[in-house]
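One structure is given here, and the rest of the page talks about it.
Labels run A, B, C and D following the written order; every chain starts at residue 1.
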Amino acid sequence: MKTVNIGLIGGGFMGRTHSNAYRKVNAFFKLGYRPVLKTFCDVNESKAKTFAENWGYESHETDWRKLLARKDIDLIDICVPNMAHREIAIAAAEAGKMLICEKPLAINTAEAEQMVSAVEKAKVANMVMFNYRRVPAITLARQLVDEGRIGRPFHYRATYLQDWTISTDVPQGGDALWRLDAKVAGSGVTGDLLAHSIDTAEWLNGPIQRVTAATETFIKQRKHVESGKVEEVKIDDACMFLAIFANGSMGTFESTRYARGRKNFNTFELNGEAGSVYFDLEDPQYLQYFKYKDPKSGDKTEGHLTGWQKIHVTNAEHPYMDKWWVPGCTIGYEHTFINALADFFTGLETGKPAQPDFRCGLRTQKVCDAVLESARTGKWIDIA
Amino acid sequence: MKTVNIGLIGGGFMGRTHSNAYRKVNAFFKLGYRPVLKTFCDVNESKAKTFAENWGYESHETDWRKLLARKDIDLIDICVPNMAHREIAIAAAEAGKMLICEKPLAINTAEAEQMVSAVEKAKVANMVMFNYRRVPAITLARQLVDEGRIGRPFHYRATYLQDWTISTDVPQGGDALWRLDAKVAGSGVTGDLLAHSIDTAEWLNGPIQRVTAATETFIKQRKHVESGKVEEVKIDDACMFLAIFANGSMGTFESTRYARGRKNFNTFELNGEAGSVYFDLEDPQYLQYFKYKDPKSGDKTEGHLTGWQKIHVTNAEHPYMDKWWVPGCTIGYEHTFINALADFFTGLETGKPAQPDFRCGLRTQKVCDAVLESARTGKWIDIA
Amino acid sequence: MKTVNIGLIGGGFMGRTHSNAYRKVNAFFKLGYRPVLKTFCDVNESKAKTFAENWGYESHETDWRKLLARKDIDLIDICVPNMAHREIAIAAAEAGKMLICEKPLAINTAEAEQMVSAVEKAKVANMVMFNYRRVPAITLARQLVDEGRIGRPFHYRATYLQDWTISTDVPQGGDALWRLDAKVAGSGVTGDLLAHSIDTAEWLNGPIQRVTAATETFIKQRKHVESGKVEEVKIDDACMFLAIFANGSMGTFESTRYARGRKNFNTFELNGEAGSVYFDLEDPQYLQYFKYKDPKSGDKTEGHLTGWQKIHVTNAEHPYMDKWWVPGCTIGYEHTFINALADFFTGLETGKPAQPDFRCGLRTQKVCDAVLESARTGKWIDIA
Amino acid sequence: MKTVNIGLIGGGFMGRTHSNAYRKVNAFFKLGYRPVLKTFCDVNESKAKTFAENWGYESHETDWRKLLARKDIDLIDICVPNMAHREIAIAAAEAGKMLICEKPLAINTAEAEQMVSAVEKAKVANMVMFNYRRVPAITLARQLVDEGRIGRPFHYRATYLQDWTISTDVPQGGDALWRLDAKVAGSGVTGDLLAHSIDTAEWLNGPIQRVTAATETFIKQRKHVESGKVEEVKIDDACMFLAIFANGSMGTFESTRYARGRKNFNTFELNGEAGSVYFDLEDPQYLQYFKYKDPKSGDKTEGHLTGWQKIHVTNAEHPYMDKWWVPGCTIGYEHTFINALADFFTGLETGKPAQPDFRCGLRTQKVCDAVLESARTGKWIDIA
């Protein structure tokens, strides 16, 4: 078995999910590669030390550039806030490191294009962590599309709703709340949540061609953690858009952190001539499926038997699930990262790179940019 | 079209549901018979008058014996409390009247047997109003059984849970609360709620052979509306029993008026080798169906596609639904009575009597009696 | 009790629902007025006769103008296809008749304005049959808004999804399928389904100020029932739009007849600072409510107790439900019309006209027109 | 930090879940103890080696007695089939080792009593792995009971339904299917599934006093993996029982592996005067709660606001959840074991032993035995 020495940068929420995933992946998946938690890096020395110890890294570091210089680091995993992705990624690629980067790939299309150029020039393995593709129920949705069970698509609708920023007491900035600070996050829900929705949508239903959008910032000012002053909030608290897909189907998308009662309500529904699927991340163990026509036999479901089916996606026949426990036993949020890493290492072995790579992540960036441009201009925007 | 002149006795809740059903049935079903609301009877003159006017009866009466003497009454509909069923039914049969009787047929097996003898001797059409058989979703469950979609049955489980008598402030007796008065109701939840569960169970899964049961009266004393005094409560507030069906499957049954939060939670689930069905009366528009094996092709559902299906029972292909509105439009509680009357009148026309007739209702009575006997004796009781 | 003599025009689906409602309303609601089914009118003599007999009308008619001339007709109920609403309504108003008109009020704003002028000039009682306001769960949603349980609104999202026109075998035109014929229906899902969504939305969340929209016709040609020829389909099969409400909240709306598996999926969700509500017409007995803050006490729900609540809207405390059966017993689609008529007749009695009247229906028309204009032009459209 | 050296015996399904839990617990919980995966033991040398490597044990062993002799082993974790629990546990206690034992504690009460004596005499820390107590939603249910939110209890109902043994093709015995072999498992669903239901029930609602039960073996003969011959099946495929709790409430319990469509349907509902809770292990992220009366204020929920609440048990305020990810992110099956270990090690630190210890596990054994005795004799059985 080959080892892959990991240098992970950034000890926030995503640093935790990735670290956990590296530690677990080989106990569940038979792989040709084994990640080794070599070094953890964070600008804060004490935090770096504690984090490294907690997760079992061999060492820690405070300057990410040092990781690039080290020969014993094979892969750089970028878990820092969005605005810092580009610089690290390009430097790491130039240093010949493999790259795993949290989503969104960058804060805009221009940056993302530079990152794609860098990894493609350096020919290093690379992946953007759109972990929700690896929710077994979402992977199953893709499988049903591939099996012809949806047929000609008519509609796609997605929401990603949360409610954690409604209070004016929530500040912006700092380690915990950089997602509310436009300087660090680039955008608000568009980059944070809609990026997921868009990645899933294009994976299931192909490219989005045109959009019209609106955004809103409901709370206009928040105290900034670093400055200690009340500052204007420049991110989008909410974003909604209409889309036309290249295949002619219609899409509605909405994301917000102001939907009281919705915590992680990342849903999609795809309606086609032969069938439909529905998913909700708050109930991740289910894919709902409406079967109208069987793609092989062409048989239509008898009229007295039609109904939405709740598939409890825990059978051995379901994506990834033969690697986990027994039928009926659920997995959770963290497993999407582990499944993703398994795919990544399998890609190394087979030579068929796991998706979404940086080029694929660039697509999502383009749609996000078009959405934000439409919200600014009030016009439909075509996506190149 | 032939008319059937109705004399309905009893102006409580059931008097209302039956009256409404007579008024509506011909506007929706093409039938060879048309009921005419001839006379309404209640011992209370003023109530009788008001009720008759409200529902469009041609006249009213305070003595039910007068109805039997009238030649222009074809059918007696018994909507009075349980303890009065027997006497009216036998006299009406002897007077040659058709009979529709609210459930439970009687307060015990002995009474029910006399009633069966009377109608069979008189050869008059007769039906017990187990209206829930006519919830389209329940009729559909029976259809799935008949189509072989359940296969060899293993388990049946039924609950009928309510919560309206939890408070000690609720009195017993009187027009509104006779169901809490053992003298009038015969029993508590066993006759009121479990009778429904048993009728449905035997309709779907065949005869119950043996039972073991327990009952409880949680609030031991309640003020009696008529005496004005606090009296012992003699009904069963709750009843649970285990059953062995003749076909070898196992059953659990439970009924109570002390299940906080359950209002009309009449549920059943039948598990067989080929499939399962689940129903809940609080969501009466659905039948849930798990398809494992197709009875015609013998094909098993592919492992990645298995799941419980929520059939929204409003298609034209569903029982009774072609008579109502359009797909997706729900019907409600009252329609079960209308569907039942349509079946009754169709039975008159075709000569194939609608079920459950009195003889069938006697079965339920026997099971109820066995349940109560088991609760008293602590023993398993066989049902003849 | 005063009688109101009804002349109803149009024997399609809506003619049935209205006729049924007139027949039932007084048996359940204590009202000062009683409708009398005086005359039914349809251009087809034989159909008119059969329909009148079936529903108990005293007579039938084939020329609606004759109804207006009759002194014994107090109220004209318009159940004909959309394109015929205007002429009948204006003539009826001029003849001094009260008016109940099926939705949408007209096929465009200009026509609707003429109708409003006519009824206001004639000072006749008038109502548009947006029956879904009278689903008890939807009325309850409005009550929760009025009680301050939603608080500052952030988001509204509505869908109205069906799937019955997906096949190319479905023709357009004729008695059954005029909704697919733009000449008769005016528009497709916008007037048929979105009109409901818009009426509900503005009732719950106030006026819509601006919209951007897209429409699609998935099946471009269908055989026309009357001509027998394949003709272009000019209605919108699907329509989606974004909205900004006057109160600053954001809205997404979508309607289609191409959402496989959705039969009558008329849903809405309103998210506010204090709470949220969700409704789905396929489960009309429920209102889902998320309570965050109590409007009276100001107390916030404890963090370990927050969750969406499924309110089974069948308690006596719920709108309209004390008139029907007992808690836990559902009502269905048809009852929305009966509740609406009860409101209408109560309005006559109290002098506070039931809503939505024609002026209110005109609002919906304006939003529909703006939506269609935006779909044509690709621009955001302000609503006057 | 103190280390606890683990010797784990048995490399089946439970060996995996426990090993995973030891590896993860310290990364998420701040504890005074850290488990070290010292030695894994399995009779099969090659399996022992592979398992040890996969999970990161320092060494492996094939004779469990050798573990007891080693001074560097602090805790023996018993993950072997039921019939082998007793001997290992007693020997380990005598050797002064701490003990964690998979459920059920033993195959009958007599054995369990010996095991309790042994650990109590040796004064070694001990716990039975009833991991479902540590589903956050179930722990929350217990919290609601403690907060007085259920009030006087009336009813408890539990099911544990699966469907994986329906086919006659499934053999009995061997590593994978010892649960079907009475010699190894002791009993069928009673010890395997009902043991969980009983442990949860008594934890939430206090001791069970009396039971009446029935069991069934639907498939009478199965090929035995070891003998290669068709042998009689002696386990119970299904078991149902009625219970009376010491607090006067009534219980129904049912378990089977023949409920087509139910995979891990471990449900319970507790109904009390003040409120109710419902849980289903297939949807483990939810606790459903019906609030009728607030225990502090005594206020009753207003009648128009009552409804079952789906609490998405992922808030920081929920049991264990502050240790995991962020609100809205689910955990899964494996986390119940990790939470349990955290409780165990916390118990070591605080001196308040985590529950259920062996003595507590003995209770469950007594109820199981009474259930099986009742099924044999047809009588109600009192539990000492």
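Keep in mind that, in the parts below, contacts are C-beta pairs under 8 Å (C-beta built on N, C-alpha and C of every residue); 3 or more make two chains touch, one makes a residue touch a chain.
These numbers were taken from a predicted model, which means no experiment stands behind them.
For chain D, the chain with the farthest CA centroid is C.
C-beta contact counts were set side by side for B-C and B-D; B-D has more.
Put simply, the C-alpha centre of chain B and that of chain C have 35 angstrom between them.
Chain A and chain B have Cα centroids separated by 54 Å. Chain D has its Cα centroid 41 Å from the Cα centroid of chain B.
Among the residues of chain B, those touching two or more other chains are numbered 306, 308, 312.
Residues of chain C touching chain A in their complex: 154-155, 157, 159, 161, 163, 166, 212-214, 216, 218, 238, 240-242, 244, 248, 250, 252, 254, 256, 258-262, 269, 271-276, 290, 292, 306, 308, 378-380. Chain B meets chain C in the complex at residues 13, 16-17, 20, 23-24, 26-27, 54-56, 162, 164, 263-265, 281-285, 312, 314, 325-335.
On the chain D side of its complex with chain C, the touching residues are 140, 143, 286, 289, 291, 302-312, 315-318.
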